[in-house]
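Down below is the structure, laid out as structure tokens.
As written, the chain order gives the labels A, B, C and D, with residue 1 at the start of each chain.
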Amino acid sequence: MTFVHPIRVNWGDCDPAKIVYTGRIPNFALDAIDAWWDHQIGVDWFRLNLDHNIGTPFVHLEIDFRLPVTPRSPLLCEVHLTRLGQKSVSFSVQGRQDGNLCFEGKFVTAFVTADAFRPIAVPPDIRQKIEPLLHAG
Amino acid sequence: MTFVHPIRVNWGDCDPAKIVYTGRIPNFALDAIDAWWDHQIGVDWFRLNLDHNIGTPFVHLEIDFRLPVTPRSPLLCEVHLTRLGQKSVSFSVQGRQDGNLCFEGKFVTAFVTADAFRPIAVPPDIRQKIEPLLHAG
Amino acid sequence: MTFVHPIRVNWGDCDPAKIVYTGRIPNFALDAIDAWWDHQIGVDWFRLNLDHNIGTPFVHLEIDFRLPVTPRSPLLCEVHLTRLGQKSVSFSVQGRQDGNLCFEGKFVTAFVTADAFRPIAVPPDIRQKIEPLLHAG
Amino acid sequence: MTFVHPIRVNWGDCDPAKIVYTGRIPNFALDAIDAWWDHQIGVDWFRLNLDHNIGTPFVHLEIDFRLPVTPRSPLLCEVHLTRLGQKSVSFSVQGRQDGNLCFEGKFVTAFVTADAFRPIAVPPDIRQKIEPLLHAG
């Protein structure tokens, strides 16, 4: 039931310290949340914006870095929905390589109309799909 | 006395929502901290690693997003040293366009030997340069 | 008269070979062409697309890599308009550090309406501004 | 026998024209060549550099853009070895979505010692693995 998004770590993701550059990690986590939308709700951010006129801008993110990430193994990003508010949702993302926790983060996104960037409540059909996932952990 | 790092925002930094992509913002903040090292301590991360065998891996970052960033104005990133511990330092970064706060974040970096990635205390010569900046606010 | 766009090279632009990652170089060149538009024509790609409904998609790019790029010096990108066709324009970009040529490339962009992505001829007002630059070399 | 590297295209890869940003395409092609090394030779660029002290810096790349890339389908990157010289190898990369050619490019990499960045001939054991692939098309 747990959603895990695998990422192939590339040479170009790494910096001269021979590990993935810090600035790439948030991008990996975001890609994992984008994939979560696609898999769990049936639309990724691109379709949500262009086909449904809904945007989910980030209002907060935080990440704790536990271990370096390298290209030696796939990066497995586990995504959980952790909170469903009136106007925003929160996610946790844990990134693991070879079973070891490399980073974990918390991410909060609001909802807006994509065209006018006007804040809206979580749309009812999305809420309906999200709610069971929340209780599933 | 305040260190402000200006960034030219480009077309390629933006996503289909016509604003800078969330994943680019941490990179902007990191570039600003890299520039802070260069300006305040006299060595950027590249020289610190390659010439002085010192790395400063991130252990934590968090960002609150207040307003979208766009290419219409320069992005001014104000960097402050906020804490000097035995083994780590903390920074705040505020990003502004046209005087409006777009994002603000907190960043914590540890110290390691660059070659062996072995944790070390803040090197004395760096501590000496950093301490006055801490009290300067 | 020559347009040169300076770029600060960052730690995060580099890979474990301790030089700028190949994949970053086209991005630097594109940023330089975007800055050329802003400086020479008075609108960058963002404004051209959003305010004027004109897009300039790339149809071709090629780059020869001469010397590695590093964060030790600014990267100076010299941009020249090299051809003005009915429906496309070509640019050359030379990237230099400390007076040494690091890369040089050729870039061709077409013109489209931004909303429908429909091919168009070079718009007359843009052609008028571009033509003198072509002859200026 | 043909090597095809699938890439998930993300929201963050796209620009305000609602297509993948031009500057991302070379990065996709490079990731595909990195994956080719891993699959065909048994070591990716990271291991080649760190474990075998061999680097493969790019000396040339060129790309023709045929159709926009979007997140609506996977991007399938077909990689072929097209030339094996004394000191360099060449690759072609074709990127397709839904069977349509989106871009195609040519890439030339030299060989160096990773530590000293000193030019070397194609190492014999690599040549031995590469030669059959060349004739296989």
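Throughout what follows, a contact is a pair of C-beta atoms (placed from the backbone, for glycine too) under 8 Å apart; a residue touches a chain by one contact, two chains touch by 3 or more.
Keep in mind that what you see is a predicted model, and the values were worked out from it rather than measured.
For the pair subunit B and subunit C, the CA-based superposition corresponds to a rotation of 180 degrees in steps of 5. When chain centres are set by their Cα atoms, the one at the greatest distance from subunit B is D. Separating the centre of subunit A from that of subunit D, both taken as means of CA atoms, is a distance of 28 Å. Subunit A and subunit B have Cα centroids lying 23 Å from one another.
Per-chain Cα centroids separate subunit A from subunit C by 33 Å.
Contacts with at least two other chains are made by residues 11-12, 14, 16-18, 22-23, 27, 30, 46, 49-50 of subunit C. Taken in their complex, subunit D has these residues touching subunit C: 16-17, 19, 22-23, 26-27, 30, 46, 49-50, 55, 57-65, 68, 114, 117. Interface residues of subunit C, counted against subunit B in their complex, comprise 8, 10-12, 14, 18, 27, 30-31, 34-35, 44-47, 49-50, 70-72. On subunit D, the positions that touch subunit B within their shared complex are 11-12, 14-18, 21-23.
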